[in-house]
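Letters A, B, C and D mark the chains as written, and numbering starts fresh at 1 in each.
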C-alpha cells in the first residue's frame, strides 16, 4: 500500500496519457479533458503543505527567539492577512471607480514593485558577471568573450555607427553556431527527459517516493 | 518482483502499437464511402421553396431585385478528430454581384422550428467556399448526430437571401488513431525499445563504461570545504514542479549530497519554490540522514518551503545567502531568469558554486559565474552516476545510442544534400519529410 | 490619494531592494520577509479564486458534478503529511501528478525536442541565390550540431580523433553559443532597469514624463 | 604600491563600483538625451506600413499581453501603435491576456491622453457624448465637427479627439484568454458583454461596425511571454487575421520563423523595435517627437559601452598584471 499503490498509479496514469495522445476519438478526449479538470484541483491542495512549512519555520523562529526572529512576523502577518482581507473582509480603501482593498494594495504596491525590482537587479549583475568572467584566460574563454562582445555591440545604435558588419556578424553567430549549440543540447536533453519519463512510469526511478532507490 | 514490473507494461505498450495500427486500418476500411463527396448530400426539395425567401424580420426593400444564392452544400467528416468537426463545402453563387458574404446556418436534422437554425460561420464572398465546422464553442458538433445546413447570401445592405436546405448524409465521428502522428509513434516505439534493451542488458550485469564528469567529483570536494569552514551548504533544487525532469534529477543528487553532509555533520539549507518538490526533498534529506546513521542530527527546519512567486523566492534565497553565508551553493534543476541573480549573489558571498540545468537560455550565466556547471544532459547523467543503479547506467547508454542514431541521420541528410547539389536530385526533401511532424495537429 | 500613497510605498520598497546592492540591511530584510509572506498569501487567494472555488466547490454545490469528489479527496490526501503515521498517503496525489505528467510529456518531448530539432538540422548546404555567409553558416550549423552531440556522448572517453577532436570542437561551438546568448540578453536586462528608473523618476518624482 | 598591486586591485574591484556605474549610465541619458540615430529594420517597417494603410473604417486589436515586469519594453510598443491608430482614426480594441495586463492598458491609454505628454489626444468618455450618439452621429468626422461646434475646443498641445466607444474600447482581461480569442472570432460581444468600465459594448458604434475578429484588420500583441503565440494559433490559423508581434528582446530571435513563414506581418523586438517604430512615426510626420523607447536606447548604448569597457579594462589588467602566466585559481572549465 505504501509503495506499490503509488507506483501503480504512476504507471497506469503515465501509460494512459501517453496512449491517449495518439487517439483523437471522443472517449480519449473525455479522459484528457477530465484530466485537465482534475490536475489543477489535485495540485491546488499541495499549497497547504507549503503554507504549513513556512508557518512552522517562522513560528519556530519566533518561539526560539532565533536571530532576526522579529522579521518572522513580517512573513506571518501578511501571509494570513492576504486571504483574510481578500476573502473574509474585502475592505475597500476607497478612491477611484474600482474597489481598492487592502489585498490589492499589498499586491500592487508592495509585491509587484519588489518583484520588478528584484528582476531588474539582473542589469547590475550581468555587468559584474561580464567583468569577472570575460577574461581571455584560455582559448575557450576568449571565444566566449568575443562572441558576447560582438553580439552586444551589434544590438545597440552605436554598433550601427561602427559599421554594418558588426550587427551582421552578431546575427550570424546567433543564427548559426548558437543554434547548433542549442540544438545539440536540446537533443541531448530531450533524450534524457524521455528516458526519465520512462524510468518513472515503469518504476525504475523511485526516489521521488522518498528514500533513494529502495 | 521488479522484473514483472517492467515486463507487464512493456508488453502492454508493444501490444498497443499493433492494435492501434489495426484500429487505424479498420478506420480506413470504413472511410471510403465517407470521402466520396457527391453521394452524401440530399436535397431537401420541400424546404427549398420556403427558404428561398428572405428571412422573416429583415426589412426587405421593394426595389431590391434579390441576390443569387449558393448551390449545393457537401459535408464530409474531418479525419483525426474527436467527432466534433465537419468539413463543409458549397458551390458559391453563379452570379456573385452584390453579395457581401455568406452566412452559414446549421440545425439538427429533423428539427422543424426556425429558431433551431444557428449561424455557425460567416464567409466573405471573396474567400474559398469551404470551412471546418465545429470550432465555435457556442455551437459544438456532437458525434453521431446528423445536421442540416443552409446558406444565405448577404447583400451589402445586410439583407439575407436563403438558399436551399441540405441534409448531411454522414455524421461526425471520432477516429481511433491520429494518422498524422505515425512518425511520432514510430520514433517513440524505437526509443522505448532501445531503452528497455539497455535496461535488460544492465540487469544481466553487463559492465558498461561511462566517462567521468568533472562536476561530480567537485561535489564531494565542495562538501568537504564547507565542513572545514564550519559553514552551511545551500541546495536549491530549481524552481520548477516535480513533473519537470530536471527537478527529479536534482532530487536524486540531493539525496546523495545530503547523505555526505549527514556523515560530515554539516548543516544543509534547502529552500523550495514548489510545495510538492518541498515534500519530496524533505523525504530525501530525512532518508539520507537515516541511511547515514544519524537520524538525530536531522533538523526539520533545514528543508522548507519559501513561496511560489519567482522573484519573491529569489529575494528570500538572497537574504539567506547573505545572512547565513553558506560555503557551498548548489543550483541544480530547472532555472529561469533568476539564475544570474542567485549565482552572482552567491559569488559575492564568497561561496563555491556548483550549478546544473537543462535550461538552454540560463546555462551561459551559470557557466560564467559558477565554479562547475553541469550542461544540459550532464545533469541527468550525474544523477544516474550517483544513483549507482545498473538500470540508470543502462538508460544513459540507451540515450547515447539514440544520439548516435540522430547523428547518423543528420550525416545522411548532409550526404543527400551534397548529392542533390551534384546530381541535381531532390532526395533531401524526401528524406527530411520522413521526420517532419506537423506543428498544428 | 490612494494612488499617491501607493506610489510612495512602491518607491520605498524599490529602494529597499536596491539597497541590497550595497549591503544586506534591515530594510532589505523587511522587504524580503514581507514579499515572501504577501506573495504566498496572494497565491493562496489566487488558487482559491481560480481553482478551488470555480472548478471544485461551485460545481460540487451545483450538485451535478459528484465525480469531482475524487480529485478533491486525492488533493486532501496531501494533508496527511502533517500526521506522521499516515503520511505515506500523501504519495498518492504525488503519484497521480507525476505519472500523468510524465505520460503527457513523453510524446510532446519527442516532438519538440527530438523530431523537430532533427528536421531543422537537415538543411541543404547550398541553394541557388544563397550568399556565401549563409552557406558557410549552414556548414557550421551541421558540423557544429554533430560536434556538440559528440561532447554529450557518455559512453566513450573524449580521446582519439573522432571523440577527442569532435568533443573539443563541440565545446567550442557550445561556448560560442553561450557567449552570444549572454551578449544578446544584456539588452533585455538593461530594459528591466530602465523600467524601474522610469517608475522612480517619472511616476514617483515626476522628474521625467 | 607596486604596479602589480594596481592591476590586482583593478581585477578585484569592489563590485559595488560596477553597480554604481550601471546606475549612473542608466539615469544620465534620461536627463540629457544623446539621440543616437537608429536605423529601422524590415520587421518593424512591415507593421508600420500595414498600419499606415488602415483608415477610419478599419479596426485593430492591441493585446496588452504583458505584466509590469516587462513594461519598459512592451509599453512603448503599444503606445506607439496606439498613437498611429489614433492619428489615422483607426478604431482600437484593447485586451489583456494576463490579469495585470488590464492595468497596463489603462496606463497606456492614460499616457497617450495625458496633457503632460507631448502630442496627446484629448479623451472624451463614453457617457460624455451620449447625446450625439442618441442623435445618430457616430461617423468619426461628423462627430468631431458636431462636438466642436458645440463649443468644445481642443486643449493646447492636443493633436486630436478620441471618443470612447468610437475610437477605442477597453475590453480588459478574461481568464483562459486563448479561448476568448477563439470566441471572439465568432462574436466579440459574447465574450465581453461590457467593457472595463461596465458600459455595455453592444451599443457602441465601434462594435456595431466590427462585430467579430473577422471584421478586424490587424491584431498587435505586445507580449512578455509566449502568450503572443495564442493569437497565431487561435486567430491567424482559424480566420486568417493578420497579426503583428511586439515581444521582448530576449524572445525576439525565437519568433523570426513566424516572419519568414508569413504568419505575422512584422515584429518589434525589445526596446529597439519600439524605438524603431517611434522613429518611423516621427519620420512620417505622425508624431512630432520620439518617445520613451528612443530615450531608452540611449541608455542601452551607454550601458553596453560601459559593460564592454569593463571587459576591456579587466583584460588589460589581467594581461598587464601578468595573471595570464599564473595557473588557474579555480577549476573552472
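Just so it is clear, contacts are C-beta pairs under 8 Å (C-beta built on N, C-alpha and C of every residue); 3 or more make two chains touch, one makes a residue touch a chain.
All values reported here derive from a predicted model rather than from experimental measurement.
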{"item": "Shortest chain-hopping distance from subunit A out to subunit B", "value": "1"}
{"item": "Chain pair, A-C or B-C, that carries the greater number of C-beta contacts", "value": "A-C"}
{"item": "Farthest-lying chain, centroid of Cα atoms versus that of subunit C", "value": "D"}
{"item": "Whole-Å gap between the CA centroids of subunit A and subunit C", "value": "4"}
{"item": "Length of the line joining the C-alpha centres of subunit B and subunit C, rounded to whole Å", "value": "15"}
{"item": "Chain centre separation in whole Å, for subunit D relative to subunit C (CA means)", "value": "23"}
{"item": "Inter-chain centre distance, subunit B versus subunit D - centres from mean C-alpha coordinates, in Å", "value": "30"}
{"item": "Shared-contact residues (touching 2 or more other chains) in subunit C", "value": "17, 20-21, 29, 31, 33, 35-40, 42-43, 78, 81, 90, 94, 97-98, 102, 105-107, 110, 114, 118, 121, 142, 145, 149, 152, 171, 174-175, 178-179, 181-182, 184-187, 190, 192-193, 195-196"}
{"item": "Touching two or more other chains - residue numbers and ranges from subunit B", "value": "181, 184, 188, 191, 242, 245, 276, 279-280, 306-309, 311-312, 315, 323, 360-361, 363, 365, 367-368, 375-377, 381, 396, 399, 403, 406"}
{"item": "Residues of subunit D touching at least two other chains", "value": "15, 19, 22, 26, 68-69, 71, 249-250, 253, 272, 300, 303-304, 307, 333"}
{"item": "Interfacial residue positions of subunit C with respect to subunit A in the complex", "value": "1-3, 5-7, 9-11, 13-14, 16-18, 20-21, 29-31, 33-45, 47-49, 51-52, 55-56, 67-68, 70-72, 74-76, 78-79, 81-82, 88, 90-100, 102-110, 112-114, 117-118, 120-121, 133, 137-138, 140-145, 147-149, 151-152, 170-187, 189-190, 192-193, 195-196, 199"}
{"item": "Residue ranges of subunit B touching subunit D (in the complex, touch as defined)", "value": "122, 124, 135-138, 214, 218, 348, 361, 367, 371-373, 440"}
{"item": "Footprint of subunit B on subunit A - complex, ascending", "value": "7, 11, 15, 18-19, 21-29, 43, 46-51, 53-54, 56-57, 60, 67-68, 111, 114-116, 118-119, 121-122, 125-126, 128-130, 132-134, 144, 182, 185-189, 191-205, 207-213"}
{"item": "Subunit D - residues contacting subunit C, complex", "value": "16, 19, 22, 26-27, 30-31, 68-73, 116-117, 175, 248-250, 253, 270-272, 292, 296, 299-300, 303-304, 307, 333"}
{"item": "Of all residues in subunit B, those that touch subunit C in their complex", "value": "181, 183-184, 187-188, 191, 208-211, 213, 241-243, 245, 276, 279-280, 306-309, 311-313, 315-316, 318-319, 322-323, 360-361, 363-365, 367-368, 375-378, 381, 396-397, 399-400, 403, 406-407, 409-411, 413-414, 417-418, 420-421, 428, 431-432, 435-437"}
